Amino acid sequence: MSAEKVWPHHELGKKLNNWGRWGDDDEIGTLNFVTPQKRVEAAQLVRTGKAFDLGMAFDSDGPFKSGGFRNNPIHVMTLLPSDTAFSQDGLISADDMIVTGLQAATQWDGLAHAGYGGAFYNNVPAAAVNNFQGASRNSFHKAVDRLISRGVLLDIARLKGVDRLEDSYEITEADLLAAEERQGVRVESGDIVLLRTGSYQWFLEGDREHFLGNAPGPCLDTCNWLYEREVAALAMDNHSGEVWPSPVKGATIPFHQVVIRDMGLTLGEMFNFEELAADCEEDGVWETLFCAPGLKVTGSVGSPITPIALK
Amino acid sequence: MSAEKVWPHHELGKKLNNWGRWGDDDEIGTLNFVTPQKRVEAAQLVRTGKAFDLGMAFDSDGPFKSGGFRNNPIHVMTLLPSDTAFSQDGLISADDMIVTGLQAATQWDGLAHAGYGGAFYNNVPAAAVNNFQGASRNSFHKAVDRLISRGVLLDIARLKGVDRLEDSYEITEADLLAAEERQGVRVESGDIVLLRTGSYQWFLEGDREHFLGNAPGPCLDTCNWLYEREVAALAMDNHSGEVWPSPVKGATIPFHQVVIRDMGLTLGEMFNFEELAADCEEDGVWETLFCAPGLKVTGSVGSPITPIALK
Amino acid sequence: MSAEKVWPHHELGKKLNNWGRWGDDDEIGTLNFVTPQKRVEAAQLVRTGKAFDLGMAFDSDGPFKSGGFRNNPIHVMTLLPSDTAFSQDGLISADDMIVTGLQAATQWDGLAHAGYGGAFYNNVPAAAVNNFQGASRNSFHKAVDRLISRGVLLDIARLKGVDRLEDSYEITEADLLAAEERQGVRVESGDIVLLRTGSYQWFLEGDREHFLGNAPGPCLDTCNWLYEREVAALAMDNHSGEVWPSPVKGATIPFHQVVIRDMGLTLGEMFNFEELAADCEEDGVWETLFCAPGLKVTGSVGSPITPIALK
Amino acid sequence: MSAEKVWPHHELGKKLNNWGRWGDDDEIGTLNFVTPQKRVEAAQLVRTGKAFDLGMAFDSDGPFKSGGFRNNPIHVMTLLPSDTAFSQDGLISADDMIVTGLQAATQWDGLAHAGYGGAFYNNVPAAAVNNFQGASRNSFHKAVDRLISRGVLLDIARLKGVDRLEDSYEITEADLLAAEERQGVRVESGDIVLLRTGSYQWFLEGDREHFLGNAPGPCLDTCNWLYEREVAALAMDNHSGEVWPSPVKGATIPFHQVVIRDMGLTLGEMFNFEELAADCEEDGVWETLFCAPGLKVTGSVGSPITPIALK
């Protein structure tokens, strides 16, 4: 990194910086907005008891190509009925194991996932994330009990009157405000925002290449809104967690850098909002009790999840 | 299996059999008791917003010994800050992967985990669980959206006035009734029962050998109660999911056989109820919104989980 | 298996059966032909010191498709220079791990790999191969020190005057005899036969689908020759270890059944003979000191290898 | 690293430096001493055909503790007889996979394993070893065909008249010379030296803690001899590949740094020389055809091996 060059996302990050806001030892960032009171209010949103599974299946048909950076899950049986059928009482039993990228399929990106300037969220040095300890600071596992809150769907595809936003469409603050306006909902402190681009449809149609390619998503323009509204976490249905490729020349994931590193915002990727969005459009209710605690893997950067939204 | 021998648990299983109750294709058994209405009621239980993490950490300090049947999780970094620090804008990033038994640490045992007589729940043949497909029927992944419901803690250790029940203590129906009586709570259709023996303290104290050895737990005597009350799932704090070793000579896991195979009941093992139980004892509230959807691994026998209980 | 049906390969297997030939406890079969004297003779064959690497690289570009039955190797770093660069004396270090099918890429199929009639080689029951012990009998790891011997290349593609045999070409005993005749070489007791079909060229050209599809290879007609000549092991350059698909209707791998189960012959698959074959054609020397001990994995069905042939 | 501090091993490394000796692109270092002529001579050493397996078994009883830095191999079945027994012709088949540290059990440390001053052997920068490519330079897989050569056992334990050298005994050049003298053998260019300390006996006796603890091994004093004699590779029976702990205060593995990084010498660890050494003592022949090509894992730092020595 050239010391002199001033990057727009780093300038923005300075303005929206939450370091120290919840103490110098804080490791969960904006998930602090999920207070006990917030959980009580979120639970009240369950009115019909309908449950929506927002997760991708974890299996070898996952989104990634063979040999890629993030391996699709490999599921292996470690015990089969044939192993136990010789028991006196005819017991049969089965067990299994998995080899999987924690960022394969539907996932949370924790606060040790992205940074810059040699630091992760809350001034954690790069070297705190290493092979000996994993993420010795900002581990995702600190966050699990905060990932149940009010989940608000903002459907940008429907706002624009399309099935899915065009490739590399940059979602702006104006889009977010317009979606709130259209839907008659307002995102508040501690909410988990479920941001629909429609990009997941490529995966559902079996076009992994398109799904993993140029994608619509939020750009830097949305960061201020995320900060002001005190959003606790942001979940998306694209693969990249922000518009892809980056509109900032020379920067790969500038949005990640600002929201994860400076704001301390947990990001979700590859969520399936299709059924939920259709239901919300039908009944006009865009708020849910959202539940995606993830797995408490010590020292982890992220977590595979099967998120559930209740209405 | 000798065809002639009549096993007491198989006789009991015949009486409590739920095969066909929710159709011949049903793969989730008693989780059918978790209805939309049940979810609505469960959500109303969140009064203070306190969240209790009932999960064990997933790491190499897990309960199992090296080389054992179920390997402790191996967490490996697949991307480190040093891999990305050469980017133009100083991006640093990290990713990780895991190799883990799905039954390592806190977990659900699904309906393909245990059976007898060549069949799993709902007459699924042993061969339906194989290396090509995993659990081609009764896969745990079908159950994820039902694992949010009312969770009721029954604290048998406190009922008996002890920190933890003695090794191999057989929890009976009378114990369950007495616990309800003492606590002033009643288990109802669709509830997920959180059954505390205190055995988890061995793990907390670092005595893995004791934790994995002879353990208190429910015996066959409790099956009728589980059936009558229409319990949706049963979570325990021991390693074995039933009293260990089995009091039925020649049978290893007779309770598993009856409840999983005949009733279609999902079992949870190695839950940490210690903090929750202390809180319940203090405020006299034993019911929670219990949330443990697990991971949607295609063809899986079970799932690692980090369960959260909200009060 | 219908008890009545008489299969031609099973009939053939009866005739060529080696069970008990080296004792009832023998677990290495025809590798017994590799005697100390044989090793002495084989070593004398090294005349120029040229070394030929007959192995496929172990990496994510391996022959198998994502999600297939045998996963391509996943190679992961577990220690990187960035982990150690803070040492006082500037030490940097690296370590790595692998997740791989033992039958991914170039490999030996051991004597627990294929059988029929409920038995593997030397009357080992099917249940001796299980999840608790792996291959508790006939484990490949017993064979490692026998896999250095005289290796004789028989080039059937060049015999037929083609770059590679056509798909599903059935190599016969007559072909083997003609190849010996053309090359002026004779296969003898304890030899490891390197059988070239040219099929490996598909892999070298990047056409994995063709490489894994219909393939030339030996058919049942060659079994008698393998038996009479006391071949110790047979290595091939195709993916299937025999002609694919099987010419015996209703049988998938009849050649494997006879040679592995009845004769006790270790099979090698996906060897790269291209360079070696060109050299042999040039100098007219078809015999080598062949060296492919494999890995001593306890209870294993096979082993990944990087075979070396010295001339 | 303090730029000013002069470390004795780095000074020594400068003197024994082989960078550029075999070209700026060389990635195999002293294995270049294994010439075709050397292989021819080595093969002539096979006189009785006796084969000695110098490898440790790869399984869950490996040397490392649960949760340690290098995981013991996890061997899992991926196909069992029960999966295939329904075939028309009664075929049964089995397959397996492994999850293993490449440095678990008997192994080669390649030239990307250790360095200092930001560089590995032949001026390869630290960043050439990363998560994207593994070891993009100096990968072990380049070396496989050179790991068959004359193997000469030097038995320092017997030289000293003990079963095993005492913990942390520093093997010196004088010891090496005395061993040659006693044995009547002389190490020459291209030899692979098999250096016996007796430390492996701790592992054979089941005392993993002692085996992995303070260990006898070569110290810096031996480097000059290794350089002068043009040793191609050095294999040892201890866990650490040099005396442990390091006698150089502030340096963890100074011997590794000099021989791997400056000389380009491949190191072997955890070899079992017990049987071979007894045989050599008996017949007075200390030279063998040594064969340990390892696995050609692309971008690897090392390789698991089952080395074979033929006499």
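Read from first to last, the chains carry the letters A, B, C and D; within each, the first residue is number 1.
Convention: contacts are C-beta pairs under 8 Å (C-beta built on N, C-alpha and C of every residue); 3 or more make two chains touch, one makes a residue touch a chain.
The structure presented is a predicted model; accordingly, all values stated were derived computationally and were not measured.
The set of chains touching chain A and also touching chain D is given as B, C.
Interface equivalence for A-D, evaluated over B-D, B-C or C-D, points to B-C, where over half of the contact pairs coincide by residue number. More C-beta pairs in contact connect the chains of A-C than those of the other pair, out of A-C and B-C.
With centres taken as mean Cα positions, chain C sits 46 Å from chain A.
Chain A and chain B have CA centres that are 27 Å apart. With centres taken as mean Cα positions, chain C sits 45 Å from chain B.
The residues of chain D that reach two or more other chains are 59, 61, 69, 71, 76-83, 97, 99, 127, 130-132, listed in rising order. Remark: chain A residues 59-61, 64-68, 71-72, 74, 77-80, 82-83, 86, 99, 127, 130-132 touch chain C in the complex.
Those residues of chain D that touch chain C in the shared complex are 1-2, 5, 7, 9-10, 35-40, 42-53, 55-59, 61, 69-71, 73, 75-82, 85, 87-103, 112-118, 120, 126-127, 129-131, 134-135, 141, 144-146, 148, 248, 250-254, 256-257, 289, 291-302, 304-308, 310.
Across the interface of their complex, chain C is touched by residues 69, 76-78, 80-83, 97, 99, 132 of chain B.
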